[in-house]
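Common to both upcoming complexes is subunit A, partnered first by subunit B, then by subunit C.
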Partner chain A sequence: MTFKRTAAVALTALMAASPALADLVFPSLSYRTGPYAANGIPFADGYADYFTLVNERDGGIGGVPARVLECETGYNTEKGVECYESTKGEGALVYQPLSTGITYQLIPKASADGIPIHSMGYGRTSAANGKVFPWVFNYPANYWNGASHAVNHVLDLNGGDLSGKKIALVYHNSAYGKEPIRTLEELSAKHGFELSLLPVDHPGQEQKSQWLQIRREKPDYVFMWGWGVMNQVAIQEAANIRFPMENFVGIWWSGSENDVIPAGDGANGYKALALHNTGSDFPVFDDIQKYVVDAGKAAGAGDQIGTVLYNRGLYAAMLAVEAAKKAQEIHGTADITPAMMRDGMEALEISEESQAALGMPNFGPTFTVSCENHGGPGLGAVQQWDAAAQTWSLITDFGPSDMEVIGALIEEDSAAYAAENGIEPACS
Partner chain B sequence: MPEQLLFATEVILNGLMAGVLYALVALGFVLIFKASGVFNYAQGVMALFAAMTLVGIQTGQVPFAHLINTILGTEIHHFGWHVPALLSILLTLGVMILFAILVERVLLKHLVNQEPIILFMATIGLAYFMEGFGDLMWGSDIKKLDVGLPQGISETIDTTTYEWFGYGFFIDRLDIAATIVAVILVISLTLFSQYTKTGRALRAVADDHQAALSVGISLRRIWVIVWSIAGFVALVAGIMWGAKSGVQFSLSLIALKALPVLMLGGFTSIPGAIVGGLIIGVGEKLFEFAIGPMVGGATENWFAYVLALIFLVFRPQGLFGEKIIERV
Partner chain C sequence: MFYREAGDFKTSYAADQQTFPIAFDRYRYWAVLAIAIGVVPFFINDYWANAVLLPFLIYAIAAIGLNILTGYCGQVSLGTGGFMAVGAYASYKLMTAFPDLNFVLVVLLSGGVTAAVGMIFGLPSLRIKGFYLAVATLAAQFFLVWLFNKVPWFYNYSASGQINAPERTIFGHAVTGAAASPTAKYLFCLFFVILLAVVARNLTRGRIGRSWMSIRDMDIAAEIIGVNPLRTKLSAFAISSFFVGVAGALFFSVYLGAVEVTEAFGIQKSFLVLFMIIIGGLGSIFGSFAGAAFMVLLPVLLKNVMVGSLGWPTDIAAHFEFIIVGALIMFFLIVEPHGLAQLWRILKEKLRLWPFPH
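Moving on, here comes the complex of A and B:
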């Protein structure tokens, strides 16, 4: 009896001492309400659906269920910070702020708290320097890569020579919209094209002045850094003045179905940069249908699957899951911490084989992350809108950006940040 | 004609057209303020709600589909029909009249004799409620609005001006349509208020609430009528602006474009809203054309308010507003 009681007490103590495998928590700072809800909903759906798929099909990540903790920001910076503060205690492994404004606010907070941030295709570009920003990642590409992708695309169209050409940048008159200006100025000096800048005030419903100026000055190409209603109005105005749509290139935040459908046939041929592939012709979508939609576990109505922004959410979730797997592999435990997650992100390697194995062949660029480079090689592609078929299609492979120019800018900006904040750049 | 003068002329013409669109939004504010002294913060959201309802009816969208599907586990989104544009507009007008009745019954009736600031607060609440309600009813996706309005450059004006000046002017056919609609709307509203019994009652209420009540005019009925007319004006503004950008949340922000127009034209004058809109439209476009490039561009939003403030300093009641006389 004494032995039995002792054994029972010992077993209970052992069970109590063994760490239970908690869920792996992935906060989703979403915006399903407010002026940008039409863009926030598909991203949030794609992000959540991929984690649901991993849980239902694979039994979680390394056997541990993933839990998406959704918090509504309304694309509002203050609310985004509140969301961070209210969810970080839940064991958050990585934050995707989904807003450049929120990212800027979270960089010092998350760095102090030791929680990684992944700002995919937005946020502070110079965070690509992992020696200065050890907790921030912005792979596979950033705004400055995007500016270079756009220039590379028109270089390709002009046999590698842009001398004497005129390029106009129509941009949201905010920190986000101004991001590519320095890079484009550098590239303008390098390639000899003339750059003109046309800011559009928030929200961008009235752009007559800018497009009359474009009609007068007749630039060869127009690039756009827009968001929300600014995109739809710009594309409509471009169609109104009969600007050739194949010479109009938007950043990846100006290239969703939402941006082109309101302009109808006028948007045909419009181009946008792409961080990832388009459509739903990938095996992973069969699994999404089977394990998520048919099981009644889809995050939304299921009508966004395969749209550009749904795919972006899905892609961001896939990268988070792969980083978590890498972290589990490095540390030999399934129950990872935010610090371990950071290590996984820093050692992330996305290859053609790994994407194919996930049912996402050629879905995104291949890249590796390192301590020195949290942004990857900055690969990107160009997609084009077919108004008749109502589809986006990639018209180029994932190509490189001018890292000679961008690398120097990243070094300069991150060095300034390091000096301001007393950071000694180093790799741990 | 010198090139810069030609460009400036094109800018002025486009400014006039833009001004008409601003005036369309401002008209809704003026109508309600004139009849009830309420600054209707919800006017922009009313334009959004009207446009969403129009597209929803036209495309056969099931209202509250997401809610219904979540509760009942169904998968219904569309009725499967397409309603003709004109009928959709009439049905939407019916919805806006119903909305006006509900606003009067649920909100305004309980706030009779309250301070204007209380009524203003109530419209703020109404605006936020309608934002959420509209989303719930029709979804927050961006909708294409197609009621057959022409859009794109006017070939006739382009060709004619090219033959005359060697430079073809750009005028959007949608802006021309908006101008025609605005002119018809203003004439109709003027005739309605001058020559109909209800119109005269509206003017009586606008002049003096107490006196109007004493001769048997029902304030509640007048409020329903005026909110219905404002709903109609919101529908027209929603159609014009929605055709430019698609029907989406940002449509509610067009109210911001109406504020400088109201400051300039006065809160109580229909002609003031029109003239104010034209002055703001031309002023901001010309400033952007002439001065914008020197100061980095994007001047239109703030310059409209500067222009309005200048007028405000010299004529606080606005260009056409009634002179404020306080008797002690």
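Moving on, here comes the complex of A and C:
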């Protein structure tokens, strides 16, 4: 009987879900279960903790408390749709789908519903063209920037000349992993390196044949687009064939503690791209300790603070809060709607000073967003793993990517999407 | 009292052979249809359509399809996910190659393409049976998913390998794409569910269905009495795949709008549909609906109860959901190995005598 009544209450609550205007709602489509849980937990914790911090320390955003609405997707597209539909009625301001599949899913839906999406460092790259994708943002950098960052890094190591070098791309055989291929092909034509592609099927536990091929072909560099268990296996395999780790560069989703610790000392020197700084040596972490952890309000188990993916969640939340503040400033109201949030995201400016004022000096790259460019300038850095100290540290500054090549590709791909879906590219 | 045959006189063969011979069943059937068509569309919102009803209806079609093959004809198949992918990619190719083609036709043609593919993979069933056939269809599952990932023609050479459904309209109302209203999507899927369920029901109680069941019960005996195993097994594969292909096309174009083959049509989809028919009841159309409802609606309900009204953390709720659904599956299979459909049958037997059991 009680069960029945609770169920009935749940259903009526569901049907009567009306926008509650008392707070600013930030849904978090997290995955604390399923095959990628090890990576999903730190991100979700960081995302939630930053909003808790803002509520506790500043009394919310512009005086209005933020509410994080967490919904478990398990990295599953169907559950992601259910999460989207169940949270959008609550006045969700911005979605961070945290899965390339769910992002593709939500791009048309959220655009029709008028809710912005922020796919930070993942999702559909050509969404950087704000004229075609007015509701989708992927600043500060996307996969094509990432591909270019990796190439730029090896260019730097070789004094700007890659002709005759061989680069292998080990990638997750899915929409996510296929993203950099076009860019790398263009760059290979431009810089004269030879590119070989090695797909790894989901979930990526079996990579013997790929690494055997690498051993045979002896590429000078290996790039990796991996996620979850695939990263750990690849790093272990690379260590097994004694591939020089400093020539092995992963995308930012292949560079967390989870990925390198299982390989032990073998992973020493492994490199990954970075969207933001590493470690917990920033003033903001003192505030998190004081207002969130010590107050017993940390999300999850509270044991992820300072890890790479926790920082990424924190960074995503910081960008969302800054965009919300911007929106409040533009529209002169504290109670912003998703449409106002979009305007805030489009006018977002992250500078050295603004990051320092938040207690996050040099935490991420500086960038500005505009209607034409929802992806920012595409700055990124390279981080390296030190197995003895068990720390990631940035070894380069946030550097540019080859926007000449990427810009043309973005223009081409977004034009194809616009034609397929009858969108008239325009800036409002 | 209400549910009885006494006094329900039939005066023609047609009346005697109808699907629901008991008057109460008939009224209930018409009432369900009336509510589904006449009431639900006026109250449906985005959440109910996209999170609850569309997946239920689409999985019901897939479950009916697999039930024809496994429940009626006795050929175990683990290739459902792959065949759904065939339906999805066929509809994508048809939609993009012939933009003016009526969308109903697109869905039916996708079913037809899947039927052809299903027949090819059904050929081994003439030589191998049981577990060995299951492994052969498992090969189909992996091969088809690999194919759609490997050959860029299937996803029109898009950079990411994702396929996106463009907008298509029926009578001026969008049924695919982001602008489609929940009512339109719901009614479109409901139309296919009703149509295909009626077809399946009538196929299974006619000559073809009886030949399937004879092959299922004892293939050698069936062959001796003149049932052609080639034609029977291949027709089961073709019709089953047609249903699964229609489900795949709707799953991609109407429900999700964008899919990636490994994620959406992997082996877990084959298992999910197989669990649906085992829990719902093998060899029963009602069981296909019951199983789809159990596997689709129960997790959503549990999630809403635990996260929505009890306010539990999402990860704990997700783990509990697995535990509860798993425990209920075991409970139902221990209490009634023939599935929810058999429970329903027993209930109806009891109802005939109620309230005077002696």
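Keep this in mind: the second predicted complex is superposed on the first by the 407 of 428 C-alpha atoms of A that agree within 3 Å, B and C clash if a C-alpha of one lies under 4 Å from a C-alpha of the other, contacts with A are read in each partner's own complex, and residues count from 1 in each chain.
Just so it is clear, a contact is a pair of C-beta atoms (placed from the backbone, for glycine too) under 8 Å apart; a residue touches a chain by one contact, two chains touch by 3 or more.
Everything numeric here is computed off the predicted structure, so don't read it as measured data.
Novice: Under the stated touch criterion, which partner chain does A:Asp161 make contact with: subunit B (first), subunit C (second), both, or neither?
Specialist: It touches nothing on subunit B or subunit C.
Novice: If we overlay the two complexes on their shared chain A, which of subunit B and subunit C does A:Glu353 touch? Say first, second, both or neither.
Specialist: neither
Novice: Return first, second, both or neither, reflecting whether A:Thr33 touches subunit B, subunit C, both chains, or no partner chain.
Specialist: Both: A:Thr33 reaches subunit B and subunit C.
Novice: Go through the superposed model and pick first if A:Asp201 touches only subunit B, second if only subunit C, both, or neither.
Specialist: both
Novice: Is A:Asn173 touching the first partner subunit B, the second partner subunit C, both, or neither of them?
Specialist: Touch partners of A:Asn173: subunit B and subunit C.
Novice: I'd like to know which partner A:Glu404 touches here: subunit B for first, subunit C for second, both or neither.
Specialist: In the superposition, A:Glu404 contacts neither subunit B nor subunit C.
Novice: If you stack the two complexes on chain A, which partner ends up touching A:Glu85: first (subunit B), second (subunit C), both, or neither?
Specialist: Touch status of A:Glu85: second partner only.
Novice: Just subunit B (first), just subunit C (second), both, or neither: which does A:Ile261 touch?
Specialist: first
Novice: For subunit A, give the residues common to its interface with subunit B and its interface with subunit C.
Specialist: 32-33, 37, 41, 173, 201-202
Novice: With touch defined as at the start, can you tell me which subunit C residues reach subunit A in the complex?
Specialist: Touch residues, subunit C against subunit A: 45-48, 50-51, 55, 96, 149, 159-162, 164, 166-167, 177-179, 255-260, 262-264, 266, 300-301, 303-305, 307-310, 313-315, 317-319.
Novice: Per the contact definition, I'd like the list of subunit A residues that touch subunit C in the complex.
Specialist: Residues in contact with subunit C: 3, 6-7, 9-11, 13-15, 17, 30, 32-33, 37, 41, 70-72, 74, 76-78, 81-82, 85-86, 88-89, 100-101, 104-105, 107-109, 111-112, 124-126, 173-176, 178-179, 181-182, 201-202, 300, 413, 420-422.
Novice: Using the touch definition from the top, list the residues of subunit A that touch subunit B in their complex.
Specialist: 32-38, 41, 173, 197-203, 205-206, 208-210, 212-213, 215-216, 228-229, 232-233, 236, 239-242, 258, 261-262, 264, 266, 296, 301, 303
Novice: In the complex of these two chains, what residues of subunit B are touching subunit A?
Specialist: Result: residues 7, 10-11, 14, 18, 66, 69, 73, 77, 132, 135, 140-146, 151-153, 170, 172, 241, 244-246, 248-251, 253-254, 257, 285, 288-289, 292, 296-298, 300-301 of subunit B touch subunit A.
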